[in-house]
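Take a look at these structures.
After this come two complexes, each holding chain A, first together with chain B and then together with chain C.
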Partner chain A sequence: MSALAEILFGGLFQGSLYAMMAVGLALVWTTIGVFNFSHGVFMMLGAYIAWQLVELGLPAAVAFPVAVVVMAGVGWILQASVVRPLIGRPNIVLVVVITTLAAGSLIENGALTIWGPRSKQIPALIDGNTTIGGVGVSLHQIAIIVITPLILAALWVFLNRTRLGLALRAVAQNEDASHLVGLNVTALYGLAFAIAASLAGLAGIFMGGYRFMSPVMGSDPLLKALIVVVFGGISSISGPIFAAYLIGFFEAACSYYFGLYWTPALLFGVLILTLMVRPEGIFSSRSRGLA
Partner chain B sequence: MSPVLTVEGVTAGYGRVTVLHDISLEAGRFGNVGLFGPNGHGKTTLLRAISGLLKPRGGSIRFDGQDIAGLSARAIVGTGLIHVPQGNRLFPDLSIADCMALGAYSARARPHEAENREKVIKLFPKLAQRWRQRVRTLSGGERQMVSIGTALMSHPRLLILDEPTLGLAPKIKDELCASVLEISRGGVPLIVVEQDIEFLLELTQQLYLVNHGAVATEIKPGESLDHGEIMSMYFGH
Partner chain C sequence: MTDTTSPIAPIRTRAANQAAPGRTPWKVEAVGFVLGFAVLALLPLLFGDTYARHILIMAFIYAIVASNWDLSLGYGGVFNFGHLALFGIGVYAYSLLTKLAGIDPWAGLLASGIIATLAAILVTIPILRLKGIYIILVTFGFAQLVMQVILSQSDITGGTQGIVRIPGLYWFDHNMVRDGKFAYFYIALALLAASTLFLRVFVRSRTGASIVALRDNEEYAISRGVSIVRQRMLTLAASAFFTGIAGAFYAAYQRNASIDVFGMSLATIILSMVLLGGTSTIYGAIIASFVLTIFAEWMADFGAWRPMITAVLIIGVMLAYPSGLAGMIRSVWDAAAGKFKRTA
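The block that comes next holds the complex of A and B.
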């Protein structure tokens, strides 16, 4: 019983963080058709900005939302500086891998210079611990498990039930046709990046509440998010969300039965198998589009 | 009548390739305008330059007295010049309802959304039956109706159609022709690019033959032309 509870809980928790990260990657890929390798840095920066605001004396309830909004601005600026000027180039996918990696590295080292290498921690969403099914868990983790699906559902409603969300889905499918109905395509690209950066920043705040933060804290979640989007497919945002939870459960089960040491190898094994059997991802079609 | 659209000495192309060489034409003086000519000679490029998808390198494009050359596609949609691109690919994973909402996205079109939706449904009743269906699942003719319907939702003052009958069966072509004629009768002037000359003769009053990125021949209303003449224009003498 406690084994099942542990795997279930661990899977839900890790899956939530991966989903928050992967959805942003997928959103940027579907709308702009590029991979954002500074996505992990967004996560780190969100956490550090929140930490700084709390340090300045703001209560967490104010500091966290402000950090998320600041991250939206950071995402917008990054898009305008290292992605937008390259749109229309024939080899844009590769070039943007390099420019976003470069920008990420710059921000990472900037964070190291400003905040130093000493590990930091931000306040938990809710303090305290409890026991569920014989497993001790923190209320912070439970809060994340509950909040994440709500945020993802809100994103779904935004994309599927609002005019602006419709415009984002349209840009994802046909850029020329979007211009011809009068959509502001550059602004929508900025918006996709802003939403992705906010979600990553929030994931960073979640992570900084139970684990020590460092300037490189985003690289492992970025790697996992990449595995998730490859596994689940990137042609939609629901694919990566399901895949994130699946990977979360898989990881939790692996580390319970085989130990943490073997988990990455098994994870990549599953990834390679997926690529061989269904290269477009298990929940995905071959076309781009947000649905 | 003064022309609605005047293209003067426009040069445009992609990268190092120049497709349009100093092309000039007028639309709206004698009614609807048809463009025809061999593939790959700049008809679609001209339309892309007019609607702002491609920045012209030189020349002027005036729509209703305003110079629109070099404006963004969005700004041009805002003037009421609406371009239906070739190939009815549009938004494959959106529903017809979504496409219509997008058509009415611009600030100019939004106040007329309900009224234009009525018009589109009256013109293409078939679309109403498939309102929630994805565009991908529709037939070629229906997809073309969605493309034209979306353009009507943008409240056009000038409608540009790029090969609307491409790949359609003859019966569907005739139906489409009747619908487009009705749009024109409703007071929207047209510019139509077509390979099907019969379709053009039915719809338009003035024809331009576009060859090597320039106007090779202009056929004004009243000037007769027969099939043989057109064939010789296409293939040379």
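The block that comes next holds the complex of A and C.
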């Protein structure tokens, strides 16, 4: 019973963080058609900005939302500086990989210079611990498990029920047609990046209240988010969310039964097998080679 | 576009626009190749001190890795993010073969290249049916898997501790340690020359043209009888051989191996060399490797600011010159070779 509770709880918690990260990646990917390799750095920067604001004396209830808003601005600026000028170039996918990697390295080293290598921690959302099903958990983790689905649901409503959200999806589906009906595609690109960056920043704040922060804290979640996005597909916003929880559970089960050491290898093994067996189920628009 | 009578002509037309294999007459290229490497061979006379030679040796190693990556990434259009794992496999294959199995260093060097090639063939199997970002993920996963295996087999590989006191290369009775890195410089240069020659001959061949054709118009190339399975495997295997040898040489030169070769930071640096140099040129990646390695050394005084300045410069170059450094150089080269080409 306790094993099941531990896996269930660990899966829900990790899945929540992965979902927050992966949704932003998928949003940028579907809207602009590029992969943002500085997404992990967004997570780190959000956590550090929140830490700085708390350090300046702001209460967490003010500092956290402000940090998220600042992150939206950072996302917009990054998009305008290293992604937008490249749009329309034939090798944009590759070039954006390197410009976002470079921008990520810039921000990461900037954070290292400003805040130093020393680990930091930001206040938990709720202090205290409790026991559920024989497993000791912190209230902070429970808060994340509860809040994340609400935020993701809000995002779903935004994308499916509001005019602005529908415009974003329209750009994702057909950019030329969006231009024709008078949508401001450039601004929508910026919006996609801003939403992605603030979600990543929020994930960073969540993580910073649970684990020690460091300037490189975003690289592993970025990798996991990449797996989630590919695993879950990119056609809808719900695909990556389900995949995030699935992978969260898988990881929790693996590290429980096989140890933390083999979990990444097992995860990649399963993923490679999945892609080998069903590549077209995940990536529908590909054309198959006859050979 | 209207020429459908000759089977290879449409592929050539497309290739000429994007990758230009066979655009420069081979005699012109051969002269440039010999001149370029002759200049490099004279460098030790100019730089007497060991440290400058060390920087050049590192630049040569990076140039081999980056230019071979350009074959799969640039020409093949296969986003192989496990390329550095092939380098790492070379490092560990050489270290284990020479230190534990005790085989001859030169044989170990060759064997490392072959092992890396076999590993590349193995990783090609899952990506044969995939495209784009999915290839990035699977190859990335392959790199992680290799790293995990090396970490977990710490009895043999040393795990996170790495391997030290790896046997170096030898050259008859020549003293490799006290010659101011003279011998290692020329071995590295010879490896770079062999690798570059191999890559250029490969991309200028019909096989090279068919690989570019697959990248630019997969359906059309397949309909013309180009096998995607065979060509993709060939591309990755060809890009792996000298990458593995470069890894082996790196291990022999540094005399130690560590898990850091699988890290993101080295992959990022080498990838920026490929893209900064301009893809589908081979020479661009080599030039960018020299520029970036020497630039990084030149900025050593900036300390913590160095990675930030490098990042800003990479972004700047990518925004200003989308085809990289090679694009700038090629326009000059074409202007110079323009007359030559018309008479040939």
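In this section, the second predicted complex is superposed on the first by the 279 of 291 C-alpha atoms of A that agree within 3 Å, B and C clash if a C-alpha of one lies under 4 Å from a C-alpha of the other, contacts with A are read in each partner's own complex, and residues count from 1 in each chain.
One rule holds in what follows: a residue touches a chain if its C-beta (ideal position, glycine included) is under 8 Å from a C-beta of that chain, and two chains touch if they have at least 3 such contacts.
The model shown is predicted, which means the values in this text are computed figures rather than measured ones.
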Exercise. After the chain A overlay, clash or fit between chain B and chain C?
Worked result: fit
For this session: State whether A:Leu112 touches chain B only (first), chain C only (second), both chains, or neither.
Result: second
For this session: In the overlay, answer first, second, both or neither for which of chain B and chain C A:Leu226 touches.
Result: second
Exercise. First (chain B), second (chain C), both or neither: which does A:Gln173 touch?
Worked result: first
Exercise. After superposition on the shared chain, which partner residues are touched by A:Ala102: those of chain B (first), chain C (second), both, or neither?
Worked result: second
Problem set entry | Between chain B and chain C, more extensive residue contact with chain A | C
Problem set entry | First, second, both or neither for A:Arg163, with chain B first and chain C second | first
Problem set entry | Partner chain(s) touched by A:Leu183 [first = chain B, second = chain C, both, neither] | first
For this session: Check the superposed model and tell me the shortest C-alpha distance between chain B and chain C, rounded to whole Å.
Result: 11
Seminar exercise, completed: The shared contact residues of chain A with chain B and chain C are 287, 289, 291
Problem set entry | chain B contact footprint on chain A (complex, rising order) | 163, 166-167, 169-170, 173-174, 176-185, 287, 289, 291
For this session: Write out the stretch or stretches of chain B touching chain A in their complex.
Result: 51-53, 72-74, 77-78, 82-85, 89-94, 98, 101-103, 105-106, 109, 150, 154
Problem set entry | chain A contact footprint on chain C (complex, rising order) | 73, 79, 125-126, 128-134, 136-138, 140-142, 144-145, 148-149, 151-152, 218-219, 222, 227-230, 264, 268, 271-272, 275-276, 279, 304-305, 307-308, 310-312, 314-315, 318-319, 322
For this session: Name, in rising order, each residue of chain A that touches chain C in their complex.
Result: 29, 35, 81-82, 85-86, 89, 91, 93-95, 97-99, 101-103, 105-106, 109-110, 112-113, 219, 223, 226-227, 230, 261-262, 264-265, 268-269, 271-272, 275-276, 279, 282-283, 286-291
